[in-house]
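Following this line, the structures themselves.
Both complexes shown next keep subunit A, but they swap its partner, so subunit B is in the first and subunit C is in the second.
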Partner chain A sequence: MSAYRTGDPLGRRRFLTAAALRGATVIGTGALSTGALSTGALGTGVIGATALGAVDADAAFAAPIRPLDPAVAESAFAEGRITAINHDVLEVAGSYGDHSRVRVTNATSVWKARATTAADIETGDGLYARGLPLPDGTLAADAVWVNIVNLHATIRGIEKTRLHLAHGQHEIVGNLMARTTSAAYGDASPTADLSRLTIGQSAQVLGAWRPSDGSVDLVRVAVAPGAGRRR
Partner chain B sequence: MACGSTKLWNGEATWFCCGNAWGPCASAGGGACGTCRSSALQAAWPNASKACWDLTRPDLCGEDIPRRGCGSVMKVRHDCSGASVCVTVSDCGPRTRSFCSESTCCDGVCRTNRVIDLTPAAFSAIGSLSSGTLPVSIFE
Partner chain C sequence: MSALVCALAPLVLAGVLGPAGAGKLFGRGTARQAPRTALARLLRDGGRAALVLRALGAVELLLAAALLAPPATPLPGAAAALLGAGFLGYLGYAHAAAPGSSCGCTARQDAPLTWRAFVRAAAVLAGGVAAALAQQPWWTAAARRPAAALCLVLAAAAALTALSADPDRRWRMPLRRLRLRIAGHPLAATGHPLAATGHPLAAAGAPAAVPVAATVELLERSRAWQSASRVVRSALLDHWDDGGWRILQFAGVHGGGTAARPVLVLFAVDAAASLDTVREPAVRVSVIDADSGAPVMATA
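What follows is the complex of A and B.
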């Protein structure tokens, strides 16, 4: 899978704006995800990676990077917790008491432990969003990363289905996900083989936070080259 | 201070969260400079101070990174796309010594060793957060 769409003749600003003004055709028939407290519904259409988009971590890591649209300099950014979902607009409470309205369009890529659809976004989720500010005050998002974390941690324990991690002064449970969690040993390509992870290693943990219990679904655990090398 | 064009360094860029935040980042705090915010265009530099250097030790990976303290301005350019962002040093990091010889490549261009840590706002301005690392050149 290519991390970046090729051959797109549309300018990013024009595409996002058009998508937003059309009413975001991605919206419509999707049901709310289980457990969502939303007041609206986001659609179920697959929202693929864009030229700037959020994509599967390993694919993004391995794929060639294509030039970004010059409009990136005009990009805006929002972060915080989603308090409500009104059709295609995410109401976001920022971490400093600010408030943002993030519009999801058919040009938006969504990442939530993997490339996914807007239907997976729930109230209570945290997000980082990048996009273009529209005249109505919303941010037309070209990429939304839901619950994404990228933490420097130390591996404190290893179980069959989870890792115990120390992040600063805090303990975090990292959930291993079948067919998703990979390990990156230095400059080698990420692998599903986690057997070389060892207790005491420094690790960079890319994953998705679970608001329900505070744990992290692990997407990639990166350790230094040579760490855990077989003897 | 302006965002300049004099080459300073190159290597890997990673990203981190700081300031008031959600999830595991809620305990991150304002960083070594006390001003760090995930939503601002900021960075952590491994030689922001002597104390910082003692933690990050880029020299152990062969990187004799110069000192640039809190408030220093840098331009970080994605080495393949050419996209760039201006950032202000607001924290100490990354812990270069823990990942010596790690490299990130794109389009045949590879950069080795973690030399700068960007906030989500800054990193996402030049690449995808889900990639985790980017090969970059740094200017001042």
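What follows is the complex of A and C.
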């Protein structure tokens, strides 16, 4: 257990890798997905969900799922700008004048363009959090999405390290991140191949907003199927 | 200097009014655009608005021609100033009556009314006044001080281009498209992620890297996820690749009531697999106690 408890991240990962590979092997896709997925009927509507609701980055924008298990308390959402950070409690000023306090624990997943830790959260960041309301008025967060943005945009320029996007009247710079930014062409799986993006395409952009310069770190750029074929 | 500005004003003004007039008079888009302009609201009829727009185009073309001719009278300049004043009034009305509509100023695009349109109209007004005050033909003035004249005309052209309704669509996007066509797609290297980076694995013919998003998508549609999702409470906490496997770590709660204890849920997925390549993914699932690291029976 020593490798697991030590702070050494490599030793910890080695321990967890060994634990993961010792686990039971389950083969197959979900019962409802095999047929429906191949026809694209479910499209991007399917998002990972647990007893407490959806978990992946798209989930920040999905309506909370009512838990089927009565033993599980209903999850709560909080959103807004982080005004202060006191140890593990984030003070959040909501968009509608409300105020909430979000408690981050070791088990809280933090998303800031990638899976990361609470150390990456800064004052001034925007936040979506999902978790359980505690008696002391704080929200014990299961998942926190920091600065997440999800918008329809038009690709207006392509450079080696960034995309120029137009969202309504706004011009947005999207930073490409090596090994993180992926593209989804239609219903196909996200791929690291960005070479089929073209100027003028409409795209659904998922990313993390950078408060310092207003640009967006791109996580996924989804465009229509086949759109990339014409050059 | 001001004499030079006045003398060159007809030339610049003709450069503005000529293309705009030709676009309105001969442009195929005029009839299509007219109903969406504020003029249609003013005239209460899209067809009439198109006619008026075409007539306006003809007037602008005539004015442009008159401005380029030797300045016998200050009339063309005065007429252009009048036109600019008329534009300003019309824009003011349109801004008040139909703020969302297109101004129809260049009859080419559905650009909504912005401050640019007002500045453009004011520029036409000022140019008309300057042209009316011109003492000598523009070519005489330009021949006398060619360098200054060239600078002035270029500056005016740059300012007017910046003021045009949508600089992006008209010249920035076509320029970028052209650059992509000539220089190649800047992201073409991502098609073979390791190829262009000089990565040592590129030579070994490593397969294209699968982004984590694709692995997560595969996992979330797998039977393994369905069986473990009751335990999982967090989104992805951490992930790393090890020996061809991609390990995905989640936090969870095992058991209920007083027996509930925090656990780590670990999934091991083939790092090169995605929904496009694998129909029946094999996923290893393991649940370990978050405090001790001891395995927990997965039968919740």
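Just so it is clear, the second predicted complex is superposed on the first by the 156 of 231 C-alpha atoms of A that agree within 3 Å, B and C clash if a C-alpha of one lies under 4 Å from a C-alpha of the other, contacts with A are read in each partner's own complex, and residues count from 1 in each chain.
We adopt the following convention: a contact is a pair of C-beta atoms (placed from the backbone, for glycine too) under 8 Å apart; a residue touches a chain by one contact, two chains touch by 3 or more.
Only a predicted model underlies this, so the values are computations on that prediction, with no experimental measurement involved.
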Which partner chains sit in contact with A:220 here, subunit B, subunit C, both or neither? Use first/second/both/neither.
both
Mind working out whether A:180 is in touch with subunit B, subunit C, both or neither, as first, second, both or neither?
second
Which of the two partners, first being subunit B and second being subunit C, lies in contact with A:108: first, second, both, or neither?
second
Does the superposition put A:200 against subunit B (first), subunit C (second), both, or neither?
second
Of the partners subunit B and subunit C, which touch A:192 in the superposed model: first, second, both, neither?
second
Counting residues of subunit A in contact, which comes out ahead: subunit B or subunit C?
C
Looking at A:160 after the superposition, I want to know if it touches subunit B, subunit C, both of them or none. Which is it: first, second, both, neither?
second
So, does A:146 touch the first partner subunit B, the second partner subunit C, both, or neither?
neither
In the superposed arrangement, does A:128 touch subunit B (first), subunit C (second), both or neither?
first
Which partner does A:81 reach: the first (subunit B), the second (subunit C), both, or neither?
first
Find the residues of subunit A that appear in the contact set with subunit B and again in the contact set with subunit C.
52, 55-57, 111, 143, 145, 219-220
Counting only contacts in the complex, subunit C reaches subunit A at residues 168, 172-173, 176-177, 180-181, 185-191, 193, 208-214, 216-227, 229-240, 242-243, 245, 247, 249-252, 256-257, 262, 264, 266-268, 274-276, 279-288, 290, 292-295, 298
Taking the touch rule as given, give the residues of subunit B at its contact with subunit A in the complex, in rising order.
14-17, 19-25, 27-28, 37-39, 78, 80-83, 93-95, 98-107, 110, 112, 120-121, 124-134
How about subunit A: which of its residues touch subunit B in the complex?
3, 52-57, 60-61, 64-68, 72, 75, 77-81, 94-96, 111, 126, 128, 130, 143, 145, 147-152, 167-170, 172, 186-187, 202, 204, 206, 209, 211, 214, 216, 219-220, 222-226
State the interface residues of subunit A toward subunit C in the complex, per the touch definition above.
1, 4-5, 13-17, 19-31, 33-34, 37, 46-52, 55-57, 59, 69, 71, 106-109, 111, 114-115, 142-143, 145, 156-160, 164, 166, 171, 176, 179-182, 188-195, 197, 199-200, 219-220, 231
